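Take a look at the structure below.
Per-chain numbering from 1; labels A, B, C and D assigned in written order.
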Amino acid sequence: MSKGKRVLGLVVALSLVLFALYGVAFATKVIKVGAVYPLTGDIAPTGKLCKEGVELAVDIINGKYDLDLIMARTEGIPSLGGAKIKIIFADSQGSPRTGMAEAERLITSEHVVAMVGGYQSAVVKTASYAAERLKIPYVLSDATSPALTRRGFKYFFRVNPDDVISARNFFEFVQDMEKKFNRKLRRVALLYENTEWGSKVAAQQRKWAKEFGFKIVADIPYYHGATDVTSEVLKLKSSKPDVLMHAPYVSDAILFTKTFKKLNFNVPLWMGMSGYLDPNYIKSVGKDGEYVVVRSTFNPDLARIKPLIGKVNELYKKKYGRDMSGIAARSFNAPLVLADAINRAGSLDPDAIRKVLLETDIPGDKILMAWKGVKFNKIHQNIYARYILVQIQGGKYHTVWPWNVASTKVVFPVPAWNKR
Amino acid sequence: MDTTNLVQAMVSGLLLGLPYGLIAMGLSIIWGVMNIVNFAHGEFLMVSMYITLGLYTFWHFSPVMSIPVSAVILFGTGWLVYRYIVSKVMSGPMLAQVVVTFGLSAFLQGLFLFLFTGNYRTVKVSGILSQSTNIHGVYVSYPQVIASLITIVVTLFLSWFMKNTMTGRAIMATEIDRETAKLMGIDTEKVNALSFGIGLACVGIAGAILSSYYYISPYVGLLFGLMSFVIVALGGFGSITGAVIAAIIIGEVESLGGVLVGPAYKYALVFSLYLIVIFIKPRGFFGW
Amino acid sequence: MEKGKHLYYVVLVVLAIVFPIVFNVPFVQHVAIMVFMYGMLAESWNVIGGYSGLFSFGQAAFFGIGAYTSTLLYMQLGLTPWIGMIAGGLVAIAAGIAIGYPCSKLKGHYFAIATIAFAWIINILFTNWSFVGAATGLSPELAPADSWYAFQFRSSKLPYYYIGLFLMLLTVYVVNKVIKSKTGFYLRALGENEEVAASLGVNIAKYRLISISIASFFTAVAGSFYAQYVLYIDPPSVLAHFLSVEIVLIAMFGGSGTIWGPIWGALILVPLSQYARAIWGGMGSGLDIMVYGFVIMVFSIFRPRGVVSFFIRK
Amino acid sequence: MSELLKVEGLTKRFGGLVANDDISFTVNKGEIIGLIGPNGAGKTTLFNCITGFHKPTSGKVFFDGRDITALPPHRVSKIGIARTFQITQVFPKMTALENVMIGAFAMTNSVSEAKDMAAETLSFVGLGKKMDVSGESLPPPEQRRLEIAMALSTNPSLLMLDEAMAGLNAVEIDESLEILRKLNKKGITLIIVEHVMRAVMNICKRIIVLENGRKIFDGEKEKAVNDPAVIKAYLGDVYHAEG
């Protein structure tokens, strides 16, 4: 046995023990809540926005704010002596395996009492599985795959609307547009990045298109790291759609916008989601992003009908120096709903929290979103959750639908590239 | 699929392929001279795109003006990377040579993520760089045309340089037979550093011009890098014209294949074509 | 000397068995399970890359094939993943031969890039093939309770830990047996000089395929193990290019072409990356990736033969 | 004397270059044949064609009456033809013993048997004390001998040596010649490509001369020295050069 070998063996063994100890250490003094987001990898910018939303929510829970919002006027969790919430963030790297491992680590080593967040449906799938297995409540407000709430999980709740609702809202909107402008918009093109999320969105859209009697004229999945999307756009072009429904991440939203312009692809109604809502999108494409209609759950201009939104947006602006995006706002909800439940439960026992989550009935005026409230159904999906649609005008998002909350008139049809 | 769209797809394939060629050319020279695959190639493209972004942000350089700056910086980077990193593994096992560039690529990604966050950025272009033109229904964007023209110019220049200058001939000689070149008094270490520099300078040029129509992020290099490996292996290592021709073929397969077979499969088509060719000609079209 | 060496390994194995009982913390156990999985993957790669000189950068394809085969067999036919695991290994051998046979003339970098291309093709096909769940991937029905038949353990990680440990040791054992045999000598001969090997009667094409088959089989078994551990697979998680790269890095870091090198590599690099992420990853600053890349670079420069080169006295 | 190897009209083209042009000859059991010719005459190509490393463009190769044209190298090795390479090629990281074992595995599947056989062969070529030295660490002359040992270990009936004595000093050449003679006595037929004329003249009875891919002489060495074509093409120059 050489000396080097023994020394190295010792070093490795020692560091493994230290690593292991690191995992065991740290007892809880505050109420720890775990959140797994993609903080590195190509979706990291979006993950950061989610993180900001969560952080602001925690500020509001822990501090005293004069806001008409649950948990705002009190400090911390009153029923637990004002205990503060602390979010432990972890990086999923956009990978389901890492998501699961990090969720497990948060639960078992950091001793978080509940989980929020996730963003990517594939990651939430495994992270929530870990939470379920370890019997820890998981309140989600930012991943949209319908499958997540259809697994019969006991501890898993979703505050935000899913892609079934999204797809239905999209087609409702197109119908409304047909009525408003008295023009048939029956030819629909589906364009989506082909990982779990995009392909599920498309599946729902196909289903609802049939239901509403629309015709799918193009159905195009693509790889979201593509270096070039000419062939995708050419396929779109030759299908001559009235409506484009696009499910991208932000990088591909940028690339497609540029390619639409380059190849002069014009569509009367250009609808998008997710990536189009990322502030990096408008920053990157500038004027070329005008008139896209984007699905959202939130928009600062809703302050007109709901002053709370303006106030929260001001807080956000103060903290991060820009308007609150729909992505941040969405992630903002879960910590509040969870904190409310912990407060009502007056306990950190998972089953107690779960029980009161089931009884949750938060009225619409106590939450940030323009919904009727938060109330979970049998599969733990918030029955009041729905989308709004915003349109990019003048480099900003403006609420255009549903008509009753709209702040701005929708521009239709989208002007051709050469007429802009 | 009507003819206009087919023609459009072919034109787009060409305009897509040529800039690939510029990136691949750099890889090809490095591969040919040192018999090393630079797996950090795509990351250097990323670096040059950030340089272009920086020049734009601070001094309002347009991407075209950034080309020489980016090329020079990348040339220097290549020289240094060779001297202080790659040369240390040249005599080691082949695996170490492969892996060192992998480490470099992860390092660069992490570094740029750390410095500039993962945000997607673009260089705002105006004038001709933001326009496209329409020829009988076929759309051609000027920045891509410029990128393609630059590729052709660089190809011609490098081919001339390799044949007609002392330095170029020294590089060629080293590429063909390193031992003999050494015996003939060529400083092969210098040739290596030079080739690495030239290889990265190609990427520097490509990155600068690519910035005018592509977004920038720390992860942007991955697929570009991968495509350039395939292109070089297809064209045959060390061959400059081989790289360009293979790049055009790849561009066409990607573009036409995407339209005819389905966009979801376009990269599968590209890689399959590569495998088929390599099974028949193990050293690529122009390999020896 | 020989005896001391054996004792050393016996002690290590006993430590490995006691470890999860002492540190009964799921995250620590998870890291250990990942060490076993990557150890197994790196050791399999070692057969082709370390000994036979075929630098495959497409092992993720076989990993994914293993994961998909056992999961599909379980979901469609209710077949226990234990058999599915072996079936996955066999399918991977078939796939390995399908790509290895036409690649039999490719050397060095050309072989490396061909394997990268192959893995990408498999990835793209699986992403678009609805029978295998396309982009959504597959998640097998969760068994109501711990089940050896369904290869699912919800109450504790210990079964996964011991199965993982066993599989890794089995891989090491088999690879060691092979390498010490005539086949192993031939594989090493391929790795060092194919021309001479051929002139001495080594059937290059045949032994290349044997090498690829051994590696593919164990890589696929690791894939099945992963699928049963995470219970959710999709192309980005089991067919990713980065997975292939990780495997090579770990083997190389530990020392390819030696029996224990790849295991050392997994033992050091896997916890390093897991903890680097746990400590710094929450900041999302890229620091962890930077450190990882830097360590790899420094190591390839100063220890190109890996960690095990510390042991070899010159 | 019975015929062991027969080459019939063998031609090998690389693109436009004709490396071997219609070469025919036979080798009888127990002979030692010198294959000589200036650089680029096509000797190595001929070796490669016979041993399966190249596929001949046309022509046939028979070994022991059997057509072996275009058999792959490992099959050629199995039927009893062994070779060495112009530029010494050994397995660099393996020990000398392991190097030879690879060849010995042609005879046995057992590792220990292969080890014994290899050790014996190594002693035979005088490397008995270097068994544990890695291939790359051996000095070049010993690598040459290791190569011969490797080839021998496959138990060939025909051994083809490509410049096995290049770079050796006089003493080493004599040692090598001694080994070759012993081999020949054991019944192994030898074809040697050699630039070291002293060696060729010393050991071979018959020589074949190639020039520009064509066979220009085939016969007893004494006659070659007087053959005007050979002198013109080759011998004269070399003798001067060897001077």
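Convention: a contact is a pair of C-beta atoms (placed from the backbone, for glycine too) under 8 Å apart; a residue touches a chain by one contact, two chains touch by 3 or more.
Since we're looking at a predicted model, the values are computed, not measured.
Graph distance from chain A to chain C, where chains that touch are one step apart, equals 1. Distances from each chain's CA mean to the overall CA mean are smallest for chain C. Two chain pairs, A-B and B-C, are compared here, and B-C has more C-beta pairs in contact (counted per touch definition above). For this pair, chain A with chain B, the centres built from the Cα atoms lie 36 Å apart. Averaging Cα coordinates per chain places chain A and chain D 73 Å apart. If each chain is reduced to the centroid of its CA atoms, chain B and chain C end up 32 Å from each other.
Remark: chain B and chain D have CA centroids separated by 46 Å (rounded to whole angstrom).
Counting partner chains per residue, chain C has residues 124, 127-128, 284, 286, 288-289 touching two or more of them. Of all residues in chain B, those touching 2 or more other chains are 113, 118, 264, 267, listed in ascending order. Counting only residues that touch two or more partner chains, chain D has none. Those chain pairs judged to touch are A-B, A-C, B-C, C-D. Taken in their complex, chain B has these residues touching chain A: 1-2, 5, 8-9, 12-13, 16, 113, 117-122, 124, 132, 134, 139, 141, 144, 213-215, 217, 219, 222-224, 227, 254-259, 263-264, 266-267.
Against chain B, in their complex, chain A makes its touches with residues 40-42, 44-45, 48, 194, 220-223, 225-232, 234-235, 237-238, 250-251, 254-255, 258, 261-264, 278, 280-281, 283-286. Those residues of chain B that touch chain C in the shared complex are 31, 35, 37, 85, 88-89, 92-100, 102-114, 118, 218, 226, 229-230, 233, 237, 264-265, 267-268, 271-272, 274-275, 278-279, 282-284.
Of all residues in chain C, those touching chain B in their complex are 49, 55, 102-103, 105-110, 112-114, 116-118, 120-121, 124-125, 127-128, 241, 245, 248-249, 252-253, 256, 284-301, 304-305. On chain C, the positions that touch chain A within their shared complex are 1, 4-5, 8, 12, 15, 23, 25-28, 30-31, 34, 124, 127-128, 134-137, 139, 142, 154, 226, 230-232, 234-237, 264, 267-268, 271, 274-275, 277-278, 281-284, 286, 288-289, 307, 310-311, 313.
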